Structures are given as structure tokens and as C-alpha cells.
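Listed after this line are the structures, all set down as C-alpha cells.
Each of the next two complexes has subunit A plus one other chain: subunit B in the first, subunit C in the second.
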Partner chain A sequence: MRLYLRLLGAHFRSLLEYETDFLILVAATVLMQVINIVFLAALFAKVPAINGWTFWSVLMMFGAVALAEGVGSLFFDGMWNLAWMINRGDLDYYLVRPYPVVLQVSSHWLGINGLSNIVTGSLMIGAGLAHSAIDWTPWRAAVGVLLLISSIVIKVSLNLATNAVCFWSTSPSPMFAFAMHQVGDLARFPLSIYPVALKAVLGLALPFAFISFFPIAYLLNTGSSRWLGLLTPLVAAYCVGMAALIFKRGLRRYESAGN
Partner chain B sequence: MKGYRALARATAKAALAYRLSLLLGMGAVLGQLVALLAVWGVILARSPVNGFTWPQMRAYLLVAFAAGTVVSILGDFRMASRILDGDVALDLVKPIDYQKARLAESLGGLWIEILLIAAVIGVVVALTGGVDIPAGPALALFAASMLILVPLKFLIVYVSTLACFWTQNFMGVQWARLAVVNLLSGALIPLVYLPHWLATAAQWSPFAGLTSTPALIFLGRVHGREALVLVAVQLGWVLVLWFGARLVWRAALRRLTVNGG
Partner chain C sequence: MPIVEARGLTKVFRRPDKGTGLAGSVKHLLARRYVEKVAVDHVDLSIEAGEAVAYVGPNGAGKSTTVKLLCGILVPTEGEVRIDGLHPQRDRTTVAHRIGVLFGQRTQLWWDLPVAESLGVLRDIYQVDHATYRKRLARFDDVLELGEILPVIGRKLSLGQRMRADLAAALVHGPQVVYLDEPTIGLDLAVKDRVREFFRSLRDEGITVMLTSHDLADIEGFCRRLVIIDEGRIIFDGDLESVKDSFARERILHVETAGPVPLETLRASLPGAEVTEEESPLKYAVRFDRFAMTAGQVVTVLATLTDLVDFRVDEPSIEDVIRRVYSGELVLPR
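Showing the complex of A and B:
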């Protein structure tokens, strides 16, 4: 743990060296979220609700995805370099060091854009909660925190699992993981608007819907599948297990680049 | 001319060699199409909003998808990394014009993109129902607008990639560009849904030509003189950006320092 933070800290210091770059990235990610909000506001200015979901509830879903993504970028961004490391044979160095390979990979880089996504995502969730009629009990608050943590764990595990697919493909860029990341963006909207096949993909195959939709449906007590949100911690455990398994299997297949 | 044609062919060959990457690369635009189709399908099932019926919105989103997919097999990442590495020096000594060479490269993959667009539109139409095709003159104007879109999109990407001469961070510039284009072009939501001042600003910006203008002409929401003005604005921006890019390029070259090797 301490070592992990030190590895990230080194990248953080190197990022601060390039001040304008740092600012550009932060500004760009904030801009992206602002544009999402403008889009939602423009949409909901004309329609009161989509399938019973209001502006504030959909804003929370967008916020949850942004927050989970932000944590993934800030603390585990190195995963996105896995394809490149495999292609170049750079993984060799990690294999001989006495520290878990997964953690070395994920601490290989620090996406400072994660910081702004964490802030904007939290603000969006906060605004949504402030405008919702949840009657807070200690139990509900505790479940809420547990769901939030689980949702972040799901996102990070899915990132790892989809990036680990690079062990089998030869591409030097994480195209597959990136495409799946785009699929995950579909889960920013209420799942009920999609056809059955997509519901199955987002709810079961790649459980992106458990990052945003199901937990929020449970908290807001809206929609027809509100209890499914309570499964989020289980789904998180399942995702961690699967990601670890895929990574381990992939690592066994790894055969350097032969320098 | 032969040199440029070879560059264009190289893009197509690269795209065909990395077929999976090509398809996965379409993911972002395709994902947005699916999400927006689902959202509007639910909203417009009851009643039209802002004068858009469901078949119209479907047509709008399909045009937006086509507009978002053409000229997307870009060498922008490659161009950016060559500028950042200093390999751009090698491009400078080649006896061809840099801007035209990059244009040729991005045109090379156009026919592949058109095939992919046709396939996706075919699937969407089969799943969700047909689309009304406008009458002769409007269709011709739509075609002209789509044609002008090609250099316009190239130029916007090209100019933003030249920012690499000033910053190391291409990623941030690219994200910002994608976000701004998505909103102000009307790809995310038709411009009439935006607040009036923003819609007007977007309408006259170069971005409207990237989705809104051809889509509105296709739907018949603008016609006659009004449509001609919009296409003229589109064309005007192509000219402004083409010569503007030359100025930026000249300023950029003055900043360029390449370490020996």
C-alpha cells in the first residue's frame, strides 16, 4: 500500500513539472462533464422524465460513472498501458521485481484527469442527492457508501479485465478495452430504455449497469428493478475475481518480445 | 499528385490491415448512436418534442452518425506523435505540401468509412423502421453539404493537432475538441434544444457544418435560401480554416526545434 502510493507519487511529481499540460488535461475533462450536463439540461428542459427518471436521477448516473472512471484514472491508469507493455516486452522488468505484477502495471501511470472527474462526478451525485426525496436513515447511508465503493471496484475490475485481453491480442493499443469503455457509457442512461439484448450485456455480461443504474435505482427507490442494486457488492466481488483470473491466465501466456 | 495518391492508398491499406482496430475505433460514435436512439425512442414514442417526430429524430441521428464517422480514420495520433518526437522534420524535407499530404491521408479511408456507414444505417433502418428521403433539390444540397463536411472535419482536426507544437499534451486537446464538437455540431442534441444564444453561436461556428447543417437539410427543416446560407457558411469556414491553418503552420514551424539524431 505504502509502496503503491510512492510509485504513484513519483508520477504525480513528474506530471507537475509540465504545468500547462496538467492544466489542459484538467480543463478538458471538466469541459467534457460540463457538456454532459448541458446536454442533459437541454434534454430535460423539454421532457420532464424518461421512463420515470428525472434530470437529477440521470445526472446522478452520469456522476457515478464519472466518479468511478475518475478513481480508475487517478489510481490505476497504468492498466491502459498494459497493451503497449506487452507489445514491447516491458513486462519482463515487472516479473523480476518482488511486488505483485498487477499493482506494478496499474501504478505505471497516474491520470491526473481522474482528479477532476472525481470532483465533478461527486458534485453531480451530490446535486442529485440534494434534489431527491430520500429519507436518510443510518442504515440507508451505510448501504449507500457500500454501493458507491462497490461501483468503483466494478469499474476498476472491468478496466483490468478488458485490458488484460491484450495478452491474447497482438495490438499495441488497448482498442478492445477502449471500445468496452464506450459500451459502458451506455449505462449512464436508465437501463429500462434499452432493448432486452443490451440490458443483458450491461447487466450480466459486462455489468456496467451496476456502476450507476442499479445502485441509484435502489437509493432513489425508482424503477421496476430497485432491489437489484443491493447485489452491487456481490457483483463487485465477482468482477474482482474474474479480472484477477483473466490477468493471471494472461500473464501465464506472456512470452516477452525477446530482447 | 502521384505522391498524394500513394499516401491516400497507404491509409486505406493500413485501415484494412488493422480491421479490428478500425471497427473498435468506431465504437464511440456507434455507442452514442445506440444510446441516443434508445433515449429518443422512449421520449418521442408519446408525442413529438420541439417539432421532432420519432422518424425525423431517427433520420437526424443517422445523419449525425454518418457525419461523425466520415474522415475518422485520421492520422491525427500519428501526426501528433511525429510532431512531439521531432520526426516531423522528415516530413518537412519531403517535396510535397504538408497540409495537402495530411488531407490526402485522411481522404484515403473514405470509401471504407462509407461502406461501414451504409452497413450500420442498413441495420438501424431494418431494426427501427425507414427514413424519409428528401426530394431532388434538397437531396442534392444535402449531398453537397456532406461533401463540404469532409474537408471541414479534416481541417478542424488538423488545426487542433497543430497545437502539439505548443503543448506536449495531445490527449487533453483532443478530448476538449471532441467534447466541444459533439455539443456545438448538434451531434449530441439538435441545436434547437440548446438555449437560444448558444444555438445561434453554434449555428455560425464552423462546428454546425459537422452535423447540424446536413442533418437539417436532410430532414427538410431548413430549405430554400436559408439552407443555401447554411451551406455557404460551411464552405466559408473551409476556406477560412484552410488558409488559417497555413498561418498556424508557419507560426508553428518557427517554434519547432528538433534535436539532432
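Showing the complex of A and C:
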């Protein structure tokens, strides 16, 4: 853990070396979230609710995705460089160091834009919670925290799993992972509005819906499948396991690069 | 027990066969075809603790691939590797503490960090205690003059500085086995000398070293054992000095004569030697076996035929031997 932060810290210095990039990124992510909120507000000005979901509950889903993405960028952004690292043979030295390769990869970059996503995401969740009629008990609060952590774990694991596909494709850019990330954005809306096929993708194949929709449905006690939210920690464990397995299998295929 | 052992080590790479041009690429999309390239072909290698082994071969012979297999970066297609009896993938973390690797063409330093901090991060990864770390750094400083480059940021290092820093990085955890893959590539002579001196100090400390290099001067005076690989196969594995004795026995005498002498006359008077004309007139090269005749005898014979203006004797280096092995001119016993 301390070592992980040390590795990340090594890249924090890199960030400060290029401070314009840093400022542009922070501004861009804040702007993205503002646009999201404006878009949601405009949408809900016309319709009071989507399938029974109010503005505040959908805002929470947006917030949960933003928060999970933010944690992913801030602490595990190196995963997005995996394709490039494989293509260039940059894993050579990682493989001869006594520290998990996956952690050396994920700590390889620090996406400072994650910070603004964490802040705006938390604010969105907070605002949603403030406007909800949740009957808070210690149990519910504890479950809420557990679901939030699980949601973040799922997002990070999906990032890893989809990026690790590059071990098979050896493309120098994370096209597949990026496409899946875009698909994951659909999970910011209540799953109930989508056709069955899409529900199956977002709920089962790539369980993006467990990042936002299911846990929030459980917390808000809304919708027909609210109990599914309780499965979030299990889904998280499954995602971590699968991602680790895919990465491990991929690593055996790693071919380095010629000198 | 050998510290590094490879048995039947084989690595096959599968590459898409795309033909040439855009048409070829499109065709590959429709009908996938692959070609297999055997980079390393049933290599058996056994290195005892404390040995210094030179691993040489022409470009693309499979040197780097072997090194990557021996440190566990690549998983072999067939065969197996043991480092100190351990499996490089299954016991990756333990093995990592025992081996040090330097790829001359690639740095492991952090691009935006000063060298001192890169080394500090590695110290933390390997969990080297501070006292030991300081002691090692001081030693590196002695031979590699590391002190002056410690505050320099990774991307601002010159090639020579980078290589010295990378050497320190590969050895910061005190490995028992060190793989050096092209460690002097692109360095100027002064730095090369310093780096070579450092290699010798490693060997003298009893560290096992496997050195891959195109510069055979890196090897002479450092490695006692020579392994030659060509097209993925080991074609020679034995004592470096004995190779020199057996195969570097040829000498070449270059002479310049005062007047023209027919080539036939020269050849007739020097049976057992090979006489050729050199690029300019009146210059000849005489190739002979130093165990069959001496340079003095050759000169004496020539002097009876004509006046000699100038002469010089070339002694072949290990470099020549290996070059002739590569070209297939010389076949070494296995």
C-alpha cells in the first residue's frame, strides 16, 4: 500500500512537470460534469420522471459513475497505458521486480482529472441523498458504504479486464477498453429504460449497472429489482477475480519487443 | 547445483503473415495466416554460481529472447528454466530478488524523476535496508562515478550517464545472477572502460554474470566461458581461451616488396601458407599457421626473393574467430 502510493507519487512529479496539461485536464473534467448536470436538468424539465426515477435519483447514478471513474483515474490510470506498454515491450522490467505486475502497471500514471471527478461525483451523490427520503439506520449506512466501495471496485476491475484484452490484440491503443467504457456510460441511466439485450450486457456480461443503477435502486428502495443491489459486493468480487485471471493469462502471452 | 539451468528451452513466435502492402493487409483480414518463427530452439544451458559467461551471436540469433526466457519475462513454448532451483513464473517474486537485469537498449529509470529518486523507488520495491543501500551506492559511485548524475532527471541523462545509472538500478538489490544484454551499446570508449572495470568487480565478488554483447572487447579479459548462438541454437559452449588457442592460430603477414614478384614464385617458396595480392601493387598478404611456421621464417624466405620495404603481422582476435563462425567458414566442435 505504501509502496503503491510511492509509485504513484513518482508520477505525481511528472504531472507537475507539465502543469498546463494538468490544468486543462482538470478544467475539462469539471466542464464535462457540468454539461451532464445541465443535460439532466433540461431532460427532467420536460418529464417529471423516467420510469419512476426522479432527477435526484438519476443524478445519483451519474454521480456514482463519476466517483468510480474518478477513483479509477486518480489511483489506477496506468491501466489505460497497458496496450502501449505491451506493444512497446515495456513490461520487461516490471516482470523482474518483486512487486505485482498489475500494480506496477496501474500505478504507472496518475490521472489528476480523477480528483475533479471524485469531487463532482461525491457532490452529485450527496445532493441526491439529501433529496431522498431514505430512512437512515446504522445498517443502511454501512450497506451504503459497502455498496459504494464495491461499485468503485467493479469499475476499476472492468477497466483492467477490458484493457487486458490487449494481450491478445497487441494493438498499441486501448480501443476495446475505450469502446467498453463508452458502453458503460449507458449505465448512468436507469437500466429499466433499456431493451432486454442491453440489460443483459450491462447487468451480466459487463456489469456496469452494478456501479450505479443496482446499488442506488437498493438504497432508494425504488424499482422492481431493488434487492439485486445487495449483490453488488459479490459482483465486485467476481469482477476482481475475472480481471486478475484475464491479466494473468494475458501476461503469459506477453512477447516483449525486439531490441 | 547450477544457479541457472535451461533444458530444451524453445520459444516460437507466431506472427501474422500479411504479405506486402495494403492488399496484403486486407487479405489478412479475410483469411488469417500466420508464420511461425523459432527464436530459440532447444537450448540447454547450465551456469554455475560465480561463472562469467559470454553469450554471443549475430543479430536476430535469439540472444535477447534467451535472456528474457532465463529471467522469466517470456514463458517458453517448450522446455524449462530454473533459477537457483526456482521456477521463474511460479516463484516470480523470489526469483526477482535473486536476479538483476540490464537491457542496454531500454531504461528502467523513471523518465521524470532524478536518478537518486528512481534508485530510491527501487530500493523500496526490493526492500533494501538503508545502511546496505548506502553502502552499495557508495560502491557504485567508486567505479561508475554515480555521484554527479544522481540529481539529474531521467530524460536529461546522456546515453553514457543513463547506462551507468541503469547498471546501478539493476544491481541495487544485490542480485546473485546478473544478465547484461548489450550493456555497452553506444557508449564512448572512456565510459566503456569504466563499465568493463565494473563488470570485473562483479565477477570478483562471485556474482554470476551472463553477458550479451556485440562488442567482443567487452568479453575478452572478463568471461572465461563462451557460448555462441546462431539461428536459435547453441553452436558452441566452451572455454574462451581454448577457442583462441585452437582457432586463432592463424597469423597474417602483410608485406610490401621493392619490386614485383610473380605470385606463383611466392606461393611455390611458401608451401603451407596462403599468399594473396592486396589492393595495391607490390603488396601481399601471407596467411600461415603459427604452429607450422614462425613469422621470422616467412620473412626470411621472402627476403631471399626480393627486398622487403615494409611488413606487419596481424594477430586475430576472438572477434575474428567468432566472425568466421557466424559466416560458416569455421565450424567449432560442440
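Assume the second predicted complex is superposed on the first by the 259 of 259 C-alpha atoms of A that agree within 3 Å, B and C clash if a C-alpha of one lies under 4 Å from a C-alpha of the other, contacts with A are read in each partner's own complex, and residues count from 1 in each chain.
Convention: contacts are C-beta pairs under 8 Å (C-beta built on N, C-alpha and C of every residue); 3 or more make two chains touch, one makes a residue touch a chain.
All of these numbers come straight from a predicted model, not from anything done at the bench.
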item	value
Which of subunit B and subunit C A:Leu25 touches, first, second, both or neither	first
Subunit B versus subunit C as contact partner of A:Phe176, first or second or both or neither	first
Which superposed partner A:Glu255 touches (first subunit B, second subunit C, both, neither)	second
First, second, both or neither for A:Leu3, with subunit B first and subunit C second	second
Contacts of A:Trp227 with subunit B and subunit C, given as first, second, both or neither	neither
Which superposed partner A:Arg13 touches (first subunit B, second subunit C, both, neither)	second
More subunit A residues in contact - subunit B or subunit C	B
Which of subunit B and subunit C A:Asp185 touches, first, second, both or neither	first
First (subunit B), second (subunit C), both or neither touched by A:Leu95	second
Subunit B-facing residues of subunit A, complex	18, 20-21, 24-25, 27-29, 31-32, 35, 38-39, 42-43, 45-47, 50-51, 113, 169, 171, 173, 175-176, 178-179, 182-183, 185-186, 188-189, 193-195, 198
Subunit C residues touching subunit A - in the complex, by the definition given at the top	13, 64, 68, 71-75, 89, 92-94, 96-97, 99, 101, 103, 105-106, 108, 110-113, 117-118, 121-122, 124-126, 181-182
Touching residues (chain side subunit B, partner subunit A) in the complex	18, 20-21, 24-25, 27-28, 30-32, 34-35, 38-39, 41-43, 49-50, 167-169, 171-173, 175-176, 178-180, 182-183, 188-189, 193-195, 198
Residue numbers on subunit A that touch subunit C, as the complex places them	3, 6-7, 10-11, 13-14, 17, 89, 91-93, 95-99, 252, 254-256, 258-259
